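As written, the chains take the letters A, B and C, and residue 1 is the first residue of each chain.
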Amino acid sequence: MRETLSLLFYLVRLRVRTRLEFRASLVIAWTAQGFGYAGVFTSIWIILTRFENIGGWSWPQMALFLGFHTLGYALGACFTLVQLRGMEEIVRGGEFDMLLVRPINPWAYLVFSGFNIEYGGHILLGLGLIVWALPQVGIVWSLPSALMLFGGLISSAFITASCITVVSACALVLQRARYLFGLYFDFWELSRYPASIFAPVFQLALLTVIPLGYMAYVPVSVLLGRPVPYLGAFAPFASLAAGPLAVLAAAAFWRFCLRRYQGGGG
Amino acid sequence: MSAFLALVSASFRREAHHRSQMMMRIVGTLIEILARISIWHAVYAGRGAVDGISIGQMIVYALIGGTLLSSWDATMIVRDIGTTIRTGAIGSSLLRPASYPMMLMAEQLGTRLFDWLFISVPVIVIMGLIYGLQPPASLPHCLLFIGYLAVSVVIVMLTAMLVGLFSFWVFDAHSLEWFMRGLLAVLSGGLVPIWFFPGGLAEVARALPFSWITYHPMAVYLGQHDLFWSVQHLLIGLGWVAALALAVVVVWSRACRQVVVQGG
Amino acid sequence: MAAIISAEGVGKVFQQRVSQPGILGAIRSFVAPVTRPVHAVADITFSIAAGEAVGYLGPNGAGKSTMIKMLTGILTPSVGEVTVLGRKPQQERVANARDIGVVFGQRTQLWWDLPLSDSFELHRRLYRVPDALFSKNRAALSDMMELTSFIERPVRHLSLGQRMRAEIAMALMHDPKILFLDEPTIGLDVVAKDVVRKFLSRINRERGTTIILTTHDLQDIEEICPRLIMVDEGRLLFDGTLPALRKSFGARRRLTLEFSGDPGEVRLVGARPSGGEGLLREFLLEDDGRSLVQLLAALEASSDVRDVRLHEPSIEEVIRTHYQSKGSAPAPVTGRPAVPA
């Protein structure tokens, strides 16, 4: 176990060292991605300056929501997105076969050897929004609320990593997964708004089969003391449990697909 | 005639092959439009009109602005140019008789037309049946809108090409793509119409060419301006097209020199 | 010696999507895709003893890669049983991976942007190689493969030949008992091919590492592998040594005679004329073990022989002969006992 951990840590170090060879481009990438997100957030801010609230959410509340969403996403995606997004090519190019002849779990190898530090922009933007918004939304700090903040963020990161893993695992069986990633991001965008503004079908979907509602909507609602439809008093527990449950489901699905793997590339 | 039919059959088979992918994109666009309409429903919350704009008009704005007039796919051009430069394929495209920007334009136009026909139109029809689709303000407005539509596509492409060509000098195309995405998300009026912008920002956004991508065409469609104003601004839009085209030509010729000096 | 690799009636079936003709067919296969089983490997049995070097040979799509993938734990056989070092490779994938080395010619295991030495270090950690063994192996293999001059250079700056040498050296760093190579010389120039072949045969000789390699290049087999297994369309065609292959596939030695004057009609008992004009005549010889002197004694011609050449059939000719005669019932031929002595 200790040896495995040190190996995974070494993989991360190798990747980070590679990326740091091109420092200037890294800083630019951070800025650029932060800027890209800021564009969308500005649009939401404009709506809120003109209309006061979206479904009862004020701008500081929305800012906390968006910051939480961005930070939770970045924490999960830095381990998964870039390395697993190309799963289709990894499988079809035969690279996955190469992973299977090494004495290591192929998922762990992919995830840690691809650890991506390009999410600095996301993390700064997410943290910035949270830090700016927190004093203005009047949260009464206590042990449970602090637990909710940090536990919720970890849950959010787990959900992101799990969803991306599930989509990428499809490539093991179907040999393609790229367009499924497109679909994931469509729902991901939905989860950037309070779920209560959507039709009930979508609310239910975001709280069950596509658990992206737990990325920010449920935990931030709990923090702000806002009611959560369907979950009610159960919301805090659901929020903290969603991440670990998603991880278990994703791990089972990955194994299911791996058993059906039929090789790729000749 | 039989050759023609064979071609139809072949293209049909090709489409059928990619159909699952196309269905996914239609579903994706539906979800995106649904999100926008839900947002407007939520913020209007029963109000009749805000700044003289009704909820019905905002639904049309979300529906057409999010499909036909979307600036999102433009990022593909930036990516394409970036790849061409990084892999050195740009060198061989210099040898071809047709100019690279023209070829790029033709290629992208084909893709865009296909998307309009097989993704935008189905989405507009489906959502229109659910939420209702207001027609253009008048027949002349409708005709002008078609002109604006053409200007919109060309401005998106020229902007994307200009940004993409910068990856000759600056950094990787991926970062440029993100910058452009952030910029266009706000300034095109893609998500939020400029009439809801706070004063100063609105002035700036209206003056920049990006507002011809989504905002001005939709304002004309909805009859926010009289015909004189609409024609005048269509001409200004064409002026922007000319200016951007000139910029692309200049940047391209400099880029060519760069390729010759660096040897690809 | 006991077998360390064995395949017992192994078969692998893939489901392949069948495309239907016509527009209706396209719609039908979209709604309910029709699949057809493809037998990539069918009923293959062989066993390999420790220290052997075996070439696994066959045309494209013969099921070579599929077999290697089953031996290395990437795929499970649909029927039959594969055993490597007493384990089922796929069930005990990680344990199996620690004891074998794998090189796939067209895919790199090296870390592109970092120096070679970092890839080696990663390999050490992945395979948990003890420090002393690692430094000994690293020194010895770098020396043998002449890696020292570029070991600190990023892999992206290395030539294909340098990379392949590094790749093979790395696969041996953990002292694997078996080395699998899939097309190890593909894309290399003549000199690089030669280095790789000499190295592999030396590793096999000196370290006793069992080598299994698939290849298109028959010279690889001639120089590295005393034994070869030939497959086609998933089935075993031949398992044995090169001379045995020549014999059982009936590839003939070719005799070329050059005469000083017009020889007229030339006759040679037990040989078939196969061409030649003017002063040259060619014959294909029966495999009867006659010496050159005996052959010349049996020659009937109206002119003196000025020059004689006797060609041993190359492995390529052997296989060409086989494929030309294919269709005339290619039954599996076994040139040696299932478990070699």
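The working rule: a residue touches a chain if its C-beta (ideal position, glycine included) is under 8 Å from a C-beta of that chain, and two chains touch if they have at least 3 such contacts.
Not measured: the values here are computed from a predicted model.
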Task: Chain whose Cα centroid lies nearest the overall Cα centroid - done: A
Open item on the list: When contacts are scored as defined above, which chain pair ends up with more C-beta pairs, A-C or A-B?
Closed with: A-B
Task: Distance from the mean Cα position of chain C to that of chain B, given in whole angstrom - done: 55
Task: chain A and chain C, separation of their C-alpha mean positions in angstrom - done: 47
Task: Centroid spacing, where centroids are CA-atom means, of chain A and chain B in whole angstrom - done: 28
Open item on the list: Which positions in chain B are in touch with at least two other chains?
Closed with: 20
Open item on the list: For a test of understanding, state which residues of chain B touch chain A in their complex under the given definition.
Closed with: 20-21, 24-25, 27-28, 31-32, 34-35, 38-39, 41-44, 50-51, 171-172, 174-179, 181-186, 190-192, 196-198, 201
- [ ] Going by the contact rule at the top, pick out the chain C residues touching chain A in the complex.
- [x] 14, 65-66, 69, 72-75, 93-95, 97-98, 100, 102, 104, 106-107, 109, 111, 113-114, 118, 121-122, 125-128, 180
Task: Contacting residues of chain A [partner chain C, same complex] - done: 3, 6-7, 10-11, 14, 17-18, 21, 93-95, 97-98, 100-104, 261-263, 266
TODO: Give every residue of chain A touching chain B within the complex, in rising order.
DONE: 24-25, 28-29, 31-33, 35-40, 42-43, 46-47, 49-51, 53-55, 179-180, 182-183, 185-187, 189-190, 193-194, 197-199, 202
